[in-house]
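In the two complexes below, chain A is the common chain; its partner is chain B in one and chain C in the other.
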Partner chain A sequence: MRLESDRLGVAAFRLGYATIFVAMLLPIFIVIATSFSASGNLQFPPEGFSLRWYGAFFADIQWLRAFDNSFIVGIGTTVLATFMGITAAFGLEARKGRLGGLLTPVVILPLLIPPVILGVTLLVYFSALGLQSSYIGIILAHSLWATPLVFFVMQSVFQRFDWQLRDAGMDLGANPIRAFVHVVLPNVKNGIVVSALLAFIISLQEFVMALFLSNFQTQTIPVLAWNSLRQSLTPTVSVVSTFLILISVVGLAVAALAMNIDFVAKRLG
Partner chain B sequence: MSVETGSSTLDRLWAPFEAQSGSRRSLLLMSPLILFELLIFVVPFAMLVRISVSEQSQSLPYAEGTFTIASYLEVLQSGLLQGIIVYSFRLGIIATAVAVVLATFYAYATWRADGLLKSALLFSVVLPLLTTLVIKTYAWVPLLAPNGTANNLLLAIGLLSAPVQVVPNTLGVVVGQVYIVFPYAMLAIYSVLSTVEWELVEAARDLGAGRARSFFEVVLPEIMPGITVATIISFAWSVGAYSAPALLGAGSDRPFALEVQEQMLLNFNWPVATALSTIMLVLMFVSIVVIYAVLGRFGGDVSDAA
Partner chain C sequence: MSNITLEGISKSYGDLQAVDDVDLSIRDGELLCLLGPSGCGKSTTMRMISGLETPTSGEVYIGGENVTDQAAYDRDTSMVFQNWALFPYKTVLENVAFGLKMRGDGTDERQQKARDMLERVHMDGYEEHSPTDLSGGQKQRVALARSLAVDPDVLLLDEPLSNLDKRLREEMQIELKDIHKEFDKTFVYVTHNQNEAFTLADRIGIMNDGRLVQVGEPTEVYRNPTNRFVEEFLGDTNFVAGEVTDVNDQYGRLSTEFGATIRVPAADAVEPGASFTVSLRPEFMQIRRSNGANEREGTAARADGTGGDTVVGSVENTIYRGSSIRYVVDTGGEHLFVEQSVTDQTGIEEGEQVELGWNTDDILVFRPDGSRVRDE
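Our next item is the complex of A and B:
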């Protein structure tokens, strides 16, 4: 009797997580499938197969400009967030201090504030500074979200590093910066690659803040996708989405190769 | 460039730091981020609060240099805005409850799995997490709309006699919002769960505890910190939901984020938009403190989970 109900329990357990697994990936699968649709309706399963919406995408100057904008903003965010995140995590590792203890909660806070409120706040602020609808404004906004991730990834990377190695380098006469570049950096470079990738992906995918902070000239891909969705559902949006998903998959694969997926997953949580 | 010049550049970089003490140096390293948080986070929010206590203006977004709490009274006394605030919190509570329960289950399954299955389960969570909100939201439209995949399928096999309108409707909003916060909730729980030793559960089972009992009495107290973080994240983001209600909701699905956007960009009524934002932030902060205190009583130190 006990065994019977046990087997039933195991079956229900497997069915449970299999259902969630499918539900998690189904929307992404639908987006990719509908991008190859032959008709103009966003329907699943798609009616026929064609690459016409891919052709439409590459012929549309507006989408191509949005792609450029997303890359400018993404690279700017990656550089800024990686620089601030690494230096702060390194400084905190060396010595905590009272200010350091305060820094961690302040850095987390933007992640908990609804993006619409952040967007409104920064719109007001950047308008006063004359930065509204500028690349710099969007980069600064995205860095509010990307920097905490870099900061926490690098904190745990620095914690795993054997600092006696660096001390040995300094005993041999290297100054701290030289010891950092020649001893610490080679050991933590995978962590830096992962955090830079995450920063880039976060910027690439963010849209609510960008919606408030961009205009027709500076809008990023998700913003343009959102605006065109609100007018009509066409497979072109699925084409763009497929590219965005592809970039995330490649970035994730590189990150998983550098650190393994378990590590990346835990840092995101 | 030779190695020698590279090293001397590093020596020159070091020169200004040489005289500083250790704590000054680490402060210097943290200063870019500290400065950034001050200028791009603290100061803008101070400005938000300042505008929320300014007078409204006909021709400008707000009247500079004035002081009044009229916009706060307007928000708190308007039945329409009260309804919007209540809607946001209800969506927050429902989406959070569903997401956290499912996430705990999925995190447990991932923890118990190994090899390829474990990687696949993690991948299924990380990929949506790294996908833009826009995609995560609109992908549900062809699936759940009255003429969408799910309805056609259920009609074809005879489980439904007429299509159900899930999208646009409140149910669609909840589905979309749960889908958005689920990956974050699952990973927050999983990262704590992965530090728990399976031997603990085995010991409980050897002593006669069943599957359910060993989960609720052994595993759950251990992962409470992760569940607390998952709850707080899911709640904060669902109360602030924007894309799911905008795209998957009916006209009556109106959370505060949509109202703020409209007041800000269409009505150019900045005092009301900022007052509503400030009120929501205060209410959310209070709720998070309550969640933290209530869940904290059931176990563990939440700071482990960060």
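Our next item is the complex of A and C:
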């Protein structure tokens, strides 16, 4: 009897999760499907199949510029956030000072503030500095979010690192920078790849702060998508979404692969 | 010249005093063992010699030069780590050549030196292997080669053999001794294993609670310990507590916990009424079958005419320890143990009545605070 009810419970559990899973993935498939629509209506199932909206996308200078903008901002954010996150995590783990314990809650703070408030605040602040609507402004805003995530990934990576290796490197004549490059880096490079991808994807999909901080020249993909959606609902938006999904999935796959390599290497070690 | 002088060095981490005011002179070319229980500060002391830790106070001199503020990468010391700390993403050859690369040697030169060094430690043929594929003993050899390759003035070894099994450890001890002779460098060797220290050391520095308790040659620290901690740490011994009843010009008499009164040396330093603990080393005691003259267990102690005492008891346990046999003797409540070489073949068995004897001069006397009472 008991076994029977257990089995029933498990089945219900699985069914429930499968429903949630499908409900989450369905919109993504609908978006991808509608991007291949032959008609001008954003509807599902799509009427016919064509690549005309892909053609329209590549002919639209505004969309191409938004892609450029997103990549510029994304790469800027990746470089800045990865550098800051790595150095912060490195400093915290290498020194184990008392100050470090206070740092962690401060690092997490930007993640807890609503992006609308961050966006407005930064707009005021950047206007005073003459940075409004500039790439630098958006990169700084996105780094506020990406840096804590890089920090937490790298903190756990550095926690697993055997710090005696760094001691050994320094003992053999490597100054701190060379010890980092020759000894620490090879051991944590996969973690760096993962956190850099994370930073890039965060920047790529961030909308609210970018809306406040960009203008017509510097708007990123989500901002342009929002603006064009307000005017007309065309499958071009689905094309853009498909590209964004593709980039995120590829990014995640690379990250998973890097994680796995790291894991396997640790196991063998 | 690569003698090392530590002048009053201390290291504290917050409230924890890891090393407390250590003065130590290490001679050029000697092999000095820092010996002590875990957490006694021996590794921290060594890390301050290497430059991986900076003393909270005090000065470090190497070869007469004050290196206190010099970073690890600027010092001519090289360390062999307990877990060997081989770089997992580099080959064995790259590991050994690493220090030479940091020093700026050319590729060919450093590879040749690294190959030579690997050959010296019998690891030739493993150049292209990953350190992760090696056994503990092999890792040990590679770590040693990596440290020796940079031709350091001082080689620091932080319990390098503690992760090896007994046989391999003893084999490596002999090899380390040979390498020390051959390379003629100052070695500082940290260990918690007193046998290892006795095997390797020219001199031993014993540490406890962050302090350097005693420094001396192995026989000196073993036969002439400064306090009870050293006596206890360097080997098994019988501690017997008691109170001095009377003193003559040669000996004091100590009324012991197990009822017997035994004679103790250092008559002018002990006084009646005072409590002391004496140490009777098991190898300095003799055991023989009781001749029946003294049947009552543990109550009688008498001079046997050779400047010593005997006490009777019954054998409670015999423990075979390979090259020696240990007898645990019940002397009327108190247990004393004696060690005899197996070649002595006394044939004494459990339950037999025996007499334990010793020379009074082999007894060491300690005050309740652990300090040693010395003969004037």
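We adopt the following convention: the second predicted complex is superposed on the first by the 255 of 269 C-alpha atoms of A that agree within 3 Å, B and C clash if a C-alpha of one lies under 4 Å from a C-alpha of the other, contacts with A are read in each partner's own complex, and residues count from 1 in each chain.
To be clear about the criterion, a residue touches a chain if its C-beta (ideal position, glycine included) is under 8 Å from a C-beta of that chain, and two chains touch if they have at least 3 such contacts.
Note that this is a predicted model, so its numbers are computed, not measured.
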item: Chain A as common anchor, with chain B and chain C clashing or fitting; value: fit
item: Contacts of A:243 with chain B and chain C, given as first, second, both or neither; value: neither
item: Chain B versus chain C as contact partner of A:175, first or second or both or neither; value: both
item: Broader residue contact with chain A after superposition on the shared chain, chain B or chain C; value: B
item: Partner chain(s) touched by A:161 [first = chain B, second = chain C, both, neither]; value: neither
item: Touched partner set for A:67, first chain B, second chain C, both or neither; value: neither
item: Touched partner set for A:108, first chain B, second chain C, both or neither; value: first
item: Vertex chain A angle, Cα centres of chain C and chain B, expressed to the nearest 10 degrees; value: 90
item: Partner chain(s) touched by A:222 [first = chain B, second = chain C, both, neither]; value: first
item: Smallest separation of CA atoms, chain C relative to chain B, angstrom; value: 6
item: Doubly contacted residues of chain A, that is, touched by chain B and again by chain C; value: 175, 178, 265, 268-269
item: Complex interface listing, chain B residues touching chain A; value: 7, 10-11, 13-14, 17-18, 22-23, 25-30, 32-34, 36-37, 40-45, 47-48, 51, 102, 105-106, 109-110, 118-136, 138-143, 148-149, 179, 182-184, 186-191, 194, 211, 226, 229, 232-233, 236-237, 239-243, 247, 257, 260-261, 264-265, 270, 273-274, 277, 280-281, 284, 288, 306
item: List of chain C residues in touch with chain A within their complex; value: 14, 50-52, 71-73, 77-79, 81, 83, 85-90, 98-99, 102-103, 132, 146-147, 150
item: In the complex with chain C, residue positions of chain A that touch it; value: 98, 162, 164-165, 167-175, 178-179, 182-183, 186-187, 265, 268-269
item: Complex interface listing, chain A residues touching chain B; value: 6, 9, 13, 16-17, 20-21, 23-28, 30-31, 34, 42-45, 83-85, 87-88, 90-92, 94-95, 97, 99-100, 103-104, 106-117, 120-125, 128, 140-141, 143-144, 147, 151-152, 175-178, 181, 201-202, 204-208, 212, 221-222, 225-226, 229-230, 233, 237, 241, 244-245, 248-249, 251-252, 261-262, 264-266, 268-269
